[in-house]
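Both complexes below contain chain A, partnered by chain B and then by chain C.
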Partner chain A sequence: MNLVNLTLLLKRQLKEQSQLYLLGSLVLFGLLATLFLIVHHWRDSFGGAVQNGVFLIGLFGSGGIFTATMFQEFSESAKGIWLLSIPATAAEKIAAAILLSGFAFLVAYLGIYYLTDGLYTLLTYQKYGTTPLNLFRNGFYWLVCAYFLFNGIILLGSVYFTKLSFVKTLLVLLLVLVFLNYANNFLMGIISGIPNINSSTPLSGFQFEHQGENIYVNLPENIDSISNIFARAVLPLIFWSITWLRFREKEV
Partner chain B sequence: MIQLNNFCYRYSRNQELFRGLNLTLQSGQIYGLLGKNGAGKSTLIKNIGGLLFPTTGQVQVFGQESRLRQVNFLKDIFFIPEECYLPNLTVKEFIQVYAPFYPNFDLTQYQSYLDLFGIAPSRKLRSLSYGQKKKTLIGFALATNTRVLILDEPTNGLDIPAKGIFRNMIKDAFKPDRLVIISSHQVRDLDELISSLIILDQGKVLLHAAKDEILQRLIFGISPASLPETAVLYQEKSPAGWPYIAKNTSGQKTYLDMELLFNALLENNAALQPMFTTNPKIPAYELS
Partner chain C sequence: MKKSNIALLGLALIFTAGMLTTGFILKKEAAKINLNDPLRNYETTPTAAFKVLKISGSNGYPIHIQYDTGNSLTVLRRRKSFLKAKNTADTLEIIFSGANIPLDEASKNTTPAGIIIKTNAVNKIANQNTFVRIIDFRKTDLDLALSGQAVATFSNCQFPALNIRATGQSRFGFDGQNIADNFNLNLQNSTIGFLKNIQFAVLQHQVGDSAAVVLSNQVMAQVFNQGQKKLMQPTK
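So, the complex of A and B:
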C-alpha cells in the first residue's frame, strides 16, 4: 500500500465530487430536519426513541447511497476503463473508497446529524425535555457500528453489479435477510426444541411465546460481545476483502 | 514490447474470438490495427491494456502481465477508448489531480497542446465539445509519456482539421522507445501515420507487416480498365477506375492503399498472405 497513491486517490475523489458532496450534505441536512419535523408533528404516533430512529434511517439511507457512488464508474464502460487505468493498485483504490464511504462519511454524518438534532433539541427541550442523542446509551453504538457491515455489502455490490448496483444490492440483501430469518428460526427450533419461535436475530438471540408471554433468549453477555465484534468488525473486513478480490478481477 | 503468447479469448463457452494467437509488437512502431466491426480489435487492445483477461494464454507488456494491472504497468500504458471520459474538473484541476500518477508527465508538453487547441486551463472539461475533449485527452495521454499508447477509434467524431491535428500530435510526440497502437476501421485516417499494419478478421491476424515490407513486396496502382487476373493479385472497381495490387517485381515504391489492401485480404487472403512472413522485419520509424 503506497500512501502517496492513496492520498492522490482521495484527492481525486474529493476534487471530482466536491460539488456533489456539498449539495448532498445540504440535502441530508434538509432530510434529517424533515424527519425530525415529521416525528415531532406526529409525536403521538412516534413513541420511543425517535432520535435513534432518525439517526439510523439517515445513516443507512444516505450512507448506502454515498457508498454506492464510490465505484459508480463501472456503470459506464468509458468511466470504468478510466478508473481501472489509474496507476494505483486495487487495494489502494478499495482503501480510498472505504476511508471515504466508511469512516469519513460517518464523521461527516455525525456532524450533520448533531446539527439537526441540536436544532430539534433546542426547539423541543423546554416543552418535552428532549436531550441530544447519546450514542453510548443502551449500547446504541453497536447499531451504528453495523454501518461498516452495510458499507462492505454495498461496496461489494457496486463492484459486482454493473447497472443499478445499489438497487440490486439492496434487493439481494433483502432476500438474504428474509432467508436468514427463516433459516435462523428453523435452526433455533432444532437446537432448542422450541416449536413456536416467532423471531430471531442471527448471532444474537430469539423470541418465542410461552403461555401467552413473550420470552426473549439472548446470548450470554461475553459471547454476545464477541458476536457483536464479529458482525461489526470481522464481517466488514471479510466483505471489504471480497470487494478487493472482485475489483482485481473486474473487466470492462 | 508487447507479447501475446497462445492467446485465447472467449466471450462465453460457445463464442470464441481468439484461439492460440501469438503476436509480438515492438517499440519504435506505430501500429495500425485494422478490421471490420466485430473483428476483435477492441477485445485485443483491451486485453493488452489489462481491461479484459485472456481465457487462456498470456499478454505481456514490457514483461509485465497485463491482467495483473500492477502499478508500474499502469504507469507505462495509456488507453483511450472510443467513447472517452473526462471527469468533472477544469483543465487545471485535471492536471493537478491526474498528472502526479504519471512519473514522466511533461507539463510543458501538455501546455503546448492546450495552446494549440486554444483551450484555457480554467475551462471545465465537460463544457468542451466532443472533438476538444478527445484532443485534450490525447494530449494528456501523450504528455504522460507512457511507453505504450493505445487508441481505440481515435478519429471517430473528429472533424477534418482535427484529424490532421491528431496525426501531427502523434507524429511529433513519437519516440523510438514508444509503442503506439491505433485501432480503427477508418483506414484512410491512418495514412502517413502508421509504420506497421495488423489486419484482423474474425479473431485471426490476416496480416502483420511493416509498411516498408508491404511496399517491397506489393505495388499499388490504378488502371483505367480491368486488368487480366494473371497480372494482378487483386483489383476492384471504383469511381476513378480499377485500383489493383500486384507483385512488386520491379522494386518500385508506390503509395500504400490500405483500404485496397484491407479489402484484398478479406476477399483474396490466400493469394496475399503467403507473401508475408509471420515475423515481420521492423524498420526504424522515420520522423518526418
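So, the complex of A and C:
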C-alpha cells in the first residue's frame, strides 16, 4: 500500500465533499439537539440512560448513511468505472474509505455529540443533576466498538449491491439478525435441553423462564472477553477484508 | 465461485461453529445454577464488618440494605461489572452505576434489587443518587444522609433513634410498620419526606423553606398529640 496514494485519495474525497460534510455536520447537530429535546420534553416516558440512547441512534444512523456514501459511485455504471479507474489499488481505496467512514467519522461524531450533550447538560444540570455521557462507564465503549462492525457491513453492502445499496444492506442485516435470534434460541434449547429459552445473544448467553422469573446464563468472564474481542475487533477486520476482495473482483 | 462469496461462506461457518461451542459452554454454566435458590440470579461475597456505608451511583436498580447476623454483599450477576466496592477501616464504600430513572418513578420501581447488602453493625448510611430500601433494622440507631436525587424507603424497622438528613432533591418514605423512638429530621433544599407507616415518641425537626413533609392521618395525629403534650407541660 502506497501512503502517498492513500493521502491523495483522502484529500480528493475531502476536497470534493467538504461542503456536503460541513452541511451534514450541521444537520447532525440539529438532529441530536432535536433528539435531546424530545427525550427531555417527554422525560417521564424516556426513563433510563437517554444520553446513551441518543449517542447510539446518532452514531449508527448518521454513521451508516455516511459509510454508504463512500462507494456511491457504484450505483451508476459510468461513475463506477471512473472510481475503479482512479490510479490507486483496491486496498488503498478501501483503506481510505475505512479511515474516513470508520475512524475520522467517529472522531467528528464524538465532537458534535459532546457539543450537543454539553448544551443539554448545561441546561438541565441544575434541576436534574445531568452530567455528560461517560463512554467508559459500565463498558459502554464496547458498543462504540460495535460501530466498526456496522461500518464493515455497510461498506461490504455498498460494493455488493449496485442500486439502493444502503437500504438493501439494512434489509439483509435485519433478516440475518432475526434469523440468528431464532436459530440461536433453537440451538441453545437443543444443546442445553432447557425447553423455555425466551431470549439469547449469539456467542454470549441466554435466558430462560423458571417459575415466572428469568434466569440468566452467561459465558464465564474470560471466554466472554474473547467473544467480545472477536465480535468487536476481529469481525470488522473480516468484513473489511471481504469488502476488499469484492472490490478487486469488480476491478476484474 | 467468487473469492468474496467463499469468504462469506467461511465466515458463516466460523460463526455457526462459535454458536455451537458457546452452546456447550453455556450448558455447563446452566447446570451450575441452583434453581431452588431464591438468589439464583445473584452472586454473594462476604465482606468485613462495617459501621459506615457510603453508596453512590444511579437509581435504576434498588439497593436493599438488610439487618442480618452477618455481613455480605450480593449482586445481580448481570450487573456485576457495574459495582465497585471498597472496604476501608469501618467503612464500606459502594458505587453502583447504571441507568437512571425519573425521580418520581424511582420509589415505585418494581425491578429486583441490584445489590443486597446484609449487615449487623451499620449505624451510618450516606446515600447519593441511588434508591435504597432499608429493611428489618431492629433496636439499632441509624444516621441516614441523603443527597442529590437519593431515594430511601424503610420497611419494617425499629430504631431507638433515627436521624435523617436530606439535601438536594432527595426523598424518603416508609413501608409496613416502622417505629422510631427518637425521630430527628433535617430536611433542606427541595427534599420531600413522606411520613406514613411510622410511629415515634419524639419528633424533632428542622425543615428548610423549599423542603416538604407529607403526613398521613395517623402521623398527623401523633404530631398533634406531641404538640399538645408540650403545651400542657408547665412553663417557667
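One rule holds in what follows: the second predicted complex is superposed on the first by the 250 of 252 C-alpha atoms of A that agree within 3 Å, B and C clash if a C-alpha of one lies under 4 Å from a C-alpha of the other, contacts with A are read in each partner's own complex, and residues count from 1 in each chain.
Going forward, a contact is a pair of C-beta atoms (placed from the backbone, for glycine too) under 8 Å apart; a residue touches a chain by one contact, two chains touch by 3 or more.
Being a predicted model, the structure only gives us computed values, none of them experimental.
Novice: Give one of first, second, both or neither to describe whether A:Leu237 is in contact with chain B, with chain C, with both, or with none.
Specialist: neither
Novice: When the two structures are overlaid on chain A, which partner does A:Val167 contact: first (chain B), second (chain C), both, or neither?
Specialist: Neither: A:Val167 stays clear of chain B and chain C.
Novice: Taking the superposition on A as described, I'd like to know which of chain B and chain C A:Leu22 touches: first, second, both or neither.
Specialist: Touch partners of A:Leu22: none, neither chain B nor chain C.
Novice: Which of the two, chain B or chain C, is in touch with more residues of chain A?
Specialist: Ranking chain B and chain C by residues of chain A touched puts C first.
Novice: Can A:Ile57 be said to touch chain B (first), chain C (second), both, or neither?
Specialist: The answer is neither, since A:Ile57 touches no partner chain.
Novice: Applying the touch criterion given at the start, work out whether A:Leu187 contacts chain B, chain C, both or neither, answering first, second, both or neither.
Specialist: second
Novice: May I ask you to decide whether A:Ile86 touches chain B, chain C, both, or neither, giving the answer as first, second, both or neither?
Specialist: Once the two structures are laid over each other on A, A:Ile86 reaches chain B alone.
Novice: Who does A:Val178 touch here: chain B (first), chain C (second), both, or neither?
Specialist: neither
Novice: Report for A:Ser204: first if it touches chain B alone, second if chain C alone, otherwise both or neither.
Specialist: second
Novice: Output check: A:Ile229 vs chain B and chain C. Expected answer is one of first, second, both, neither. What do you get?
Specialist: In the superposed model, A:Ile229 contacts neither chain B nor chain C.
Novice: Output the chain A positions appearing in both contact lists, the one against chain B and the one against chain C.
Specialist: 249
Novice: Touching residues of chain A toward chain B in the complex: what are they?
Specialist: 2, 5, 8, 11-12, 15-16, 19, 76-79, 81-82, 84-90, 248-249, 251-252
Novice: Which of the residues in chain C come into contact with chain A in the complex?
Specialist: The touching residues are 2-4, 7-8, 11, 15, 18-20, 22-27, 29-30, 33, 35, 40-41, 60, 77-78, 81-82, 97-102, 104-105, 129, 148-149, 168-169.
Novice: Under the definition above, what is the set of chain A residues touching chain C in their complex?
Specialist: Touch residues, chain A against chain C: 43-44, 47-49, 52, 128-129, 137-139, 183-184, 187-188, 190-194, 202-206, 208, 210, 213-220, 223, 227, 230, 238, 241-242, 245-246, 249.
Novice: In the complex formed with chain A, which residues of chain B make contact?
Specialist: Against chain A, chain B makes touches at 46, 49-53, 69-71, 74-75, 77-79, 81, 83-85, 87-89, 93, 96-98, 100-102.
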